[in-house]
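Below: one structure, written as C-alpha cells.
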C-alpha cells in the first residue's frame, strides 16, 4: 500500500442560492477532506461561471439549474451525470392582486424575468394547459432582481419569481403575498407524473467511476445535510450567511420552507424528470441541449 | 504707436528692458539689427501677440493689423486662394473678394498657382502668398518681418515697388524688419538700429535728412 | 481539457453550418437590423456630443474644468450600475444605446480636445492679427488640426461601439438583439451559434469601419 | 412608483452608510486591491502592446496590412464570446485582464498609428539625409510626434479599463472582485451597496487618472 | 554627381524635363534662378529625397550628405545641442562629440543658447543651428538651400568665411542655392543660371575664368 500518494483534488461547486442551501452543512464542515481527498467547496453567483469549469474538469461535482444538466450531458457527449435532484418547485406567483390559481391570471399582466429560462418555459406551459396563453400579457424584465424591484415598487402587480427573491420581495414590501405555488399548479397540470424540478447535482462521469467510495460517501453526507437543514432551519440559515452563500440569515430562514430543498437520488426521479425534460424539449429543444438525455444521463451506484 | 519703458523677459533672458520706441503714423519705420536682438519680439508686442512684463504700449486708435510673419504661416489645408480668402471673408462681400484676391495673386505672380496647397509651393512662393495676404487686407498698421526673403532679385524689386505703390495709394503705419541694407534704405522713412542684450537703440536715422544713400548705408553697416 | 473539443472551439465547418441556418430565418435579419441601429445610434450620438463638447472644452479652459470631472465619471461608471439606472429611464431597447454612448463618447471627447490642443499657436496668432472671429477659427483652423485625432477616435469608438452594444444587450436583453442571441447561445452552450453570431458582428463591424473610412477620406488629412 | 423609491435610487445618505460599512471590512480592501491590479495590468499590457505594435504598423505599411484585420476583429469581438473561451484559457482572476486588454489595446494602437502618421515628412527627410537609423528615428522623431496621440489614447483607455474590468468581473465573477460585489448587490437588491461600489470605482479611476496625468506630464508635449 | 535626362512632374506641373546637370567633385556649384523654377526640387533629387519620373542620377560613390534645408527642420522637442547631437550620434563617440558640438555651436555664435528649444529661437538663430548641424556632420556632399537667409550682414559674412574655411580644410562637393548675387559670386566655382518652366539652364558661368567680379554680377542680374 503506497502511503504518501498525493491527495486527489476535488472541487464541489454550487450556486449562491437555494440549490446550495441543502449542502450548507458540508460546506461549513469542509466535509470529506481526508488524506486521500483534498476537497474544496466553491459557490458562484451565476451558472456561467460554473459551466466552463465543469466542462474542462476543474469542477467534479456541482449543483446546477435543472436544465443545465442535460445541456452539459448532451454538449460534452455524456461526460457528466445527474446524481440527484436537490430542489423542486421554488417558483411562485407573487403580488398585490388577489388571485389563487393560474386560471385567474386571465386578463392580467404577469411580470416575468429571464426570458428563455426554465421558469419561462414552465409558465408558458401552464398557461397553455389552462388555455389562457393568449389572454395573459407577459411583461419581461431583464432578470429576477429587476422584476423584484418592480414588484416591491408595486409597478408590477403579479409576477413570477423564484426563491429567495420571493421572500426578499415580501420583506421589503409587506403588501406582497404568495399567490400561487407553481409546483402545485405543475403537478395538477401534469397529473402528478412530474414535478417542477429546479436544481440537480451532477458529477463528472470519469471521476465518479474512478472514485466510487468517495461518491458514495458524498451522497450519504449530502442526504444527511439536507435533512439537517430541513430540521434546523435557524442554524442552517446562520451557516448560509456565514459562508456567504446569501447575505441575510433572516431572509434565508424565512425562505427555506419555500425553497423546495430535497434530496432525491436519480433513480427515484428518473421518470418524472424524463417527463419534465420532454415538456421543456417541446417548448424549445435548445433548452435541454438539443435532444432528450438517454439512460446514461442518470447516475447509478 | 509707441512703446514706453517696455520690458520683456523669456525665462531668464531679458530681451527688452525699459525699451522706448515710436512708430510714426503712416510712415515706414525700419528695425535693423543682428539676429536674435529682439526685432520679432518687438513686432509681436506691437501686434499684441506677446504680453509684456512691464511698461506700456500705446496703440493707434482703431488699429487694424496685417502682418507678414517671419515664416509664411499659411493654413496647409487651404489653397493659395482660400488662404487669402480666409482673412478677407469678414471684410468684403464675396463678389468684391473674388476680384481683390485674383488681383493680389496676380501681383505676386502666382496666377497659375491659386489652387495649390502650401505644401506644393516653393519657399519663395509661400512667402509671396503671405505678402499678398497682408497687402490685400485693408489694415492701417502693417508689420513686415523680413518680407522679401527667399525671393529672387527680380521678384524682390517687383515686390518692393508693389509695396511702395500700394503704400502710396493708401498710407499705413508700417513696421518693417529686414537684414538687407538696400531694402532698408529704399523703403524706410526712419531706421532704428538695434543691438546688445537687452536690445538698445544704438542709432536712429531719419532718411529724409540724407541726400546721399551711401552715407546711410555706411551707418547701417554695423 | 478532457472532453469534446467542439464545445470550446467549434470547427469552422460547424460554425459555417450554424451561420447558414441562421441566415435562413428572417428573425436573424431583424435582429441584425436592430443591433446595427443601436450601435450606429450610440456611435453617432457619441460623435456629435463628443466633438461639439470637445471643441468647447478644448478652446475654453473654464468649460474644460467644468466638464472634465463629469466626463471622468462617465468614463468610469460601471456598466452594471448604469444599466440598473438606465433601465428606469429608457425602454430596454435603448439601454444599449445609452451604454454605448457612455463608453464611446469620452474617447471622442478626449481625442477632440487633444486635437484642439495640437493646433499650431502660430496659426492662431495669425488669426488673431487678422481679426478672424471665433466661429471661423473653429471652422477653418481648429477643425482641420483636430481631424486626425477625431478620425482616430471615431475608428476606435465605432469598433468599441459594436462590442459594447452587444455586451449591453447581453445584460439588458431587449427583444431583438444580437446580445440576446449571444446570451442564449451561451446559456445553452450552442457554441457554433455563438461563433456564428460573433462572426456576423465582426463582419458588420468591418463593413461599417470601411464605410466610415470612405466617409472620412472625404475630409482633409 | 408608490412605495419605496429607495429600491430604485437610494438616497446619498443610505449610500454613504453602506460605504462606511464596507470600509470597515478588510475584504473590501482586498477586493479593491485585486480589481485595481486587474485594471492596471490590463491597462499596462494594452499600452505596451498597443504602442509597440502601433509603431511597427505605423511605420511599415506591410505590417499594418497584416495586423489591421486582426485588430479589427479584436476591436469588435463581443465580450460574451470572449469570456466563455477566455475562462478556459485563463484562471478566472485573469479573464477580466484579458477582456480589458481586448478593449483598451485597439484604442492605444489606433492612436499610436495616427500619431506616427502625423509625423512631419520634412523631419523624416532630414533624418534620411543624415543617415539616422530606424531605431533612432523611432526614438527621437516618431516617439515625440506621437506622444499627444498616445496620451489621449492612454487617458481614454485607463478610464475604459475600470469600466471594462468591472464589467468583465461581473461576467466572469472571480473571487475577489468589485464586479462580483456589483453583481451580488444587484441580485440581492442591495442597491445602496451597488452605489457605494460604484462610488469606489469612480474614486479609484479619478485617482489613477490623476496619477497617469502626473506621469505623462513628465513627457514632452 | 550628374543628372542625365531627368524628368520630374508634380501632378501636371513639369518641373524638370530631360534635364542635365553636373556637380563637380569637391567643387562648389551654385544654382541661381527665380523663385519656383525648381532649385529645391533639384537639391532634393540630388539627395535622393524625391523620386524622379524618368532619367538617371549618377551619384558620387560613398556619398555622405549633409543638407541645409530651406527651412531649419529642427526637432522641436530637442535643444540646440541635442539637435546637433542627434545627427552625430552614429558618427562620433561621445567624448569627441561633446567637443565637436560645442565648437560648432560656438562658431555659429549660439554659445549661450545651446539648451534652448527651437521654438525659443529667433528665425536667424534657428537657421544657424541648421548650418551648424550640416557643417558638423562629416559629409562629402553638402547641399545648401539658401543657407544664409535671415542672417544679418555681419553674421552672414562670418558664416560665409566659416564655410570657406571649413571647405578649404576638407573639400566636399557642394550644391549651393541662393538668390544673393554676392554670395553666389563669392563662394561658387560654377554657377548655373536656371529659368523657364520646365527649368532650363540658360547660362553657365565658370567663375575661375573671370577676373572681374562685376562682369559675373552683370550676367547674374537676370
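Labels for the chains are A, B, C, D and E, by order of writing; each one numbers its residues from 1.
Quick note on the criterion: a residue touches a chain if its C-beta (ideal position, glycine included) is under 8 Å from a C-beta of that chain, and two chains touch if they have at least 3 such contacts.
Predicted, not measured: the structure shown is a model, and the values here were computed from it.
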Chain B and chain A - chains in contact with each = C
Between chain B and chain C, the fewest steps along chains that touch one another = 1
Interface with most residue-pair contacts lies between C-D
Taking mean CA positions as centres, which chain lies farthest from chain E?
-> A
Using the average of all C-alpha atoms in each chain as its centre, how far is it in Å between chain B and chain D?
-> 51
Indicate the whole-number Å distance between the mean C-alpha point of chain B and the mean C-alpha point of chain E.
-> 27
How many Å are there between the centre of chain A and the centre of chain E, using C-alpha atoms for each centre?
-> 85
Got the chain E residues that touch at least 2 other chains?
-> 71
So which bits of chain D are touching at least two other chains?
-> 8, 84, 88, 183, 186
Flagged in chain A as touching 2+ other chains are 48, 55-56
Okay, what are all the chain pairs that touch?
-> A-C, A-D, B-C, B-E, C-D, D-E
Name, in rising order, each residue of chain B that touches chain E in their complex.
-> 10, 33-36, 39-40, 70-71, 120-125, 127-128, 145-146, 149-156, 179, 181, 221-222
Chain B partner, complex, touching residues on chain C are 122-123, 125-126, 128-133, 136, 140-141, 144, 220
Would you pull the chain D residues touching chain C in the complex into a rising list?
-> 8-9, 69, 72-73, 75-81, 84-85, 88, 103, 106-107, 110-111, 113-114, 117-118, 148-149, 151-153, 155-156, 159-160, 162-163, 166-167, 170, 178-179, 182-183, 186, 191, 194-195, 197-198, 201-202, 205-206, 209
In the complex of these two chains, what residues of chain E are touching chain D?
-> 44, 47-49, 64-67, 69, 71, 73, 75-78, 86-87, 89-90, 133, 137
Tell me, which parts of chain A touch chain D in their complex?
-> 16, 44-46, 48-49, 52-53, 55-56, 143-145, 148-149, 152-155, 168, 172-173, 175, 246-248
